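Both complexes below contain subunit A, partnered by subunit B and then by subunit C.
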Partner chain A sequence: MAEVAESSKPMFAGLSDVSISGDIPVEGEINVPVGTPSQDNEYSTLDEPVKDTILRDLKAVGKKFVHVMYPKKSSALLRDWDLWGPLLLCVTLALMLQGGSVDSKDDGGPQFAEVFVIIWFGSVIITLNSKLLGGTISFFQSLCVLGYCIMPLTVAMVVCRLVLLGGSGTVSFIVRLIVVTASFSWSTFASTAFLADSQPPNRKALVVYPVFLFYFVIGWMILTFSPSA
Partner chain B sequence: MASSDGNKNTEPWGGFDDNIIQGTGSAVIDMENMDDTSGSSFEDMGEMHQRMKEEEVAEEAEATEEETGEDGEFLGMKGINGQLGRQVADEVWQAGKRQASKAFNLYANIDILRPYFDVEPMQVRNRLIESMIPIRMIHFPQKIAGELYGPMMLVFTLVAILLHGMKTSGTVIREGTLMGTAIGTCFGYWLGVSSFIYFLAYLCNAQITMLQMLSLLGYGLFGHCVVLFVTYNVHFHSLFYILWLVVGGLSTLRMVAALISRTVGQTPRLILCGTLGALHMLFLFYLHFAYHKIVEGILDTLEGPNMPPIQRVARDLPVVATSAMNAVNTTVKILGVILQSQ
Partner chain C sequence: MADNSDFLLQFQEFDSAESHLGGNRDATTISIEDEAAGSHKPQKQRRSAPVTSFEEDNDPLANDDKTELLSGQKKSAPFWTFEYYQTFFDVETHQVRERILGSLLPWPGKNFVRLYIRSNPDLYGPFWICATLVFVIAICGNISDFLVYLGNPQYKYVPEFRKVTIAATAIYSYALLVPLALWGLLVWRNAKVMNMVSYSFLEIVCVYGYSLAVYIPAVVLWIIPYETVRWLSIVVALCLSGSVLVLTFWPAVRDDRPRVAIAIMTAIVALHILLAVGCKAYFFSTLEVEHTAVDAVVGNVTKSSPTTNALN
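Up next, the complex of A and B:
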């Protein structure tokens, strides 16, 4: 190989002197080491109509809702995690919880932000906690499970709203209490059914307690909701 | 084969070769030094790789040019040397990825905290119970567990209880949210007072680490949780004062005893424990009175001369929640009156 010029030559100077005219045939094979797109055509979803994409995502979300309603130890929720469902539930819950405080013109705004922050911040804390305790579940999988298990509480919120339409007496309070308690236990039970397998067996209680607290706070917010007159 | 011109290496690991750093010299790269990462950061490695590639390609291009002997145009990123662009880009991507993952593993690594969460449920339960039992051994340093799971859960529980108290008392926060206030108060107390007492301990020469202080104060909040949980639902003032003294006092005594056992000298002990005791008891006092509502009417008629120092005006609450609480309150008050009259 020819020796490169002396040490006084600046670094990239040689580059600018290189020139190849286009009509000189060059022999040999050039294999560009970039993944060929032809193999990806069947997996590429960029070209399908938007309706297909949306329907597919909605079906996935719907399937997960069914899994939450009938919680059995399946890994479908964990395998294909997505955050659409949690976002939908969180926004629905936050919108429904709005406008139900003492001075609505002062507290209407923060109510939405509060619910949002509680749900996402709480989920992040629980996920970190379960990872620190030796869990094998990944960050987003855990967020996905916790978000989807808010569904019973959202259903309870809808029911409470309907019950409140009929008046806010003692009977309605008892009914709401029962509904919220039932849905909060359902949420806790559903999320433990999914999360428990990923923990070391003797530490399940340590992971379940924050989940219990989390859903308890959300349930309490739902129970004490009363629409402004 | 190692290039030997201009090699003034005196380091045992080979040092930085001049021909690599300045990008000149022979085309043969000294692989021994290339793979040695001691003393060079990944940035340098990435750059060195990049320069190596560009050198090689430049040399190849020069060699080809010499062979053809013609002076064509430099097509830059196109032509046969389009591959140069892709390889350089690829190399830059690899270097960037390596750097990013290294930074991520360094800073966002939660494994740093993993040893502090290594507890069993039985241990947590035992420590919760022990936090209410002061130990009188003060001539030998008491053992303080350095754990963060229990304290964190207790702080969150306190936040939940505070929220409950604020909601039922109809507290309206103008410049913020209920949740923000509750979290800010509880975490601020836990972290702030721990740091402050740790600083005082440092001044007073006490043998305690920051982790132990956090853990001690965190477990001390168990008493607060219990008292607030009871008194936010049962608005009986004498009950609060009794609980404040007994439960709050016990948990404060436990913390104080642990600190005394690790401090030498009367004055440092007094300073440290006086501060901690005062802050802890006053915090419970503050939490009770700042965030809870005193139901009027029934209180006035039954308490009589024991008027509470702070009173609030009843706000429009959900009627049913108050009526449920009123039922409980009236029962307790009637019991109290019956007991007093006996």
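Up next, the complex of A and C:
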């Protein structure tokens, strides 16, 4: 640093000998860039019709449903998280699980609030567990993945209801058992395909087990659903 | 960031954390990443987690505690940061598996705490073993009810969801309050009598949590509606988990006066028996109950028919 200063001293000394007359006009144009940067033009969604906004969100939700049905390790689900899909699935599942036992005196099936609480509280607990074990996924991304992977179980619920329309004997029970088992393993497989990458390798089983338990309990609720006679 | 049109709709995690905290944050992130090269510890997810960035913002001491943490000392983070709780989950899959197996097969010479946990008590095992036990009790109780009432045409199957909450309350309070009471008791006796062995609160919670693991297969066996099978499985499970507890706490208590030591051990075993038998009695109905119910119904029918005959 000192050498640079020494070498710069003669330079500046030379410059100081130059006299600058104050009459040299400075010409040029001063442009104040009017208008916002291009980012704003691209992302200003305030002026578009409401239909566009809704369709865009619906398309994003639909794209994620497709990702769940064919689980590949894509990062689209993780990057652009949203909670609309999980909310839709949770409400649908809770509504469909509610149509059973009308008797309010007996211990009936799960109420709407119980299903809601189990799904959301369970997802939060599993997310906290994976973060405490050292996972790198963020809180809402994990909630998003767990919520979207309930979709096979919701489909199974619809199928079970249709099967129950035909009767509730042993055959229908076996069919429902197969459907629920298949969809519960699909859910677990889909969510671990997204979540397991974010864990340190020697703790993967510790993270997958609570997810397995979560979907198992939801599958149990679906399987034991018995409509009111 | 992605420059698609969903930019504004996305949660701005990375940007907000880094832009708000300015240059100071950069300096500490660099130093910590250098030191944290070998550990799994969480600088990455602290940046990406909205939950923890709030705590970092509010706590200027967090940086000092982070460096202390990485220099090899454990559990020195203040209790309001996320890292403090992460130290309780610092286990790996094979460690959890070994701990569960060690609780299933107790050996007289081996102390569970000293062998498996001494370095590293964790909360993962107790929490998830209790959660599994809660759901297994509720589900198996439901199945056993279904099997017991199988031939009864009047029985309408209901999945009783209230039982899940009751089971959860019972098991989690057992797994938390009894260790708390036991720890307080041991601390009090330690003040009076110098014991060779003393356990921290987390180690006691660990022992209790892992000792409940043997109940999971036992509860599955309770589906079979025969009393002999159920009582046999209860006795075996009680022996195994009770011996884990006894072998663990006897060294901590034996230096005390004999009466106090025996009293403490008896209380531990008695509470354990109470939990097992209580769960079995409340959640699992027996064949005798079902038969008496059917007899009562049949009795009412036969009693009413003579009266109708008399009326005719």
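Criterion: the second predicted complex is superposed on the first by the 182 of 229 C-alpha atoms of A that agree within 3 Å, B and C clash if a C-alpha of one lies under 4 Å from a C-alpha of the other, contacts with A are read in each partner's own complex, and residues count from 1 in each chain.
Keep this in mind: contacts are C-beta pairs under 8 Å (C-beta built on N, C-alpha and C of every residue); 3 or more make two chains touch, one makes a residue touch a chain.
Since the structure is predicted, the reported quantities are computational estimates derived from the model, not experimental observations.
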**OP:** Would you check which partner chain A:Leu132 touches, where first means subunit B only, second means subunit C only, and both and neither mean what they say?
**Re:** both
**OP:** Using the touch definition from the top, say if A:Ala60 reaches subunit B (first), subunit C (second), both or neither.
**Re:** second
Original post:
Which holds for A:Thr45: it touches subunit B only (first), subunit C only (second), both, or neither?
Top reply: second
Original post:
More residues of subunit A are touched by which partner: subunit B or subunit C?
Top reply: B
**OP:** Examine A:Arg79 and indicate which partner it touches, taking first as subunit B and second as subunit C; both and neither are also allowed.
**Re:** second
**OP:** List the residues of subunit A that touch subunit B in one complex and subunit C in the other.
**Re:** 101, 106-107, 110, 114, 129, 131-134, 202-203, 205-206, 209-210, 213, 216-217, 220-221, 224, 226
**OP:** Show which residues of subunit C lie in contact with subunit A when the two form their complex.
**Re:** 2-3, 5-11, 13, 40-42, 44-45, 48-51, 82, 85-86, 88-89, 91-94, 96, 124, 128, 131-132, 135, 139, 142, 156-163
**OP:** Note which residues of subunit B are touching subunit A in the complex, please.
**Re:** 6, 18, 22-28, 51, 54-55, 58-59, 61-66, 68, 70-75, 79-81, 83, 86, 90, 110, 113-114, 117, 119-121, 124, 149, 152-153, 156-157, 160, 163-164, 167-168, 170, 172, 174, 176-180, 315-316, 318-321, 323-324
Subject >> Contacting residues of subunit A [partner subunit B, same complex] >> reply: 1-7, 9, 11-12, 14-22, 24, 26, 30, 32-34, 101-103, 106-107, 110, 113-114, 117-118, 125, 128-129, 131-134, 168-170, 172-173, 202-203, 205-206, 209-210, 213, 216-217, 220-221, 224, 226
**OP:** Show which residues of subunit A lie in contact with subunit C when the two form their complex.
**Re:** 39, 42-43, 45, 56-57, 60, 79-82, 101, 106-111, 114, 129, 131-140, 200, 202-206, 209-210, 213, 216-217, 220-221, 224-226, 229
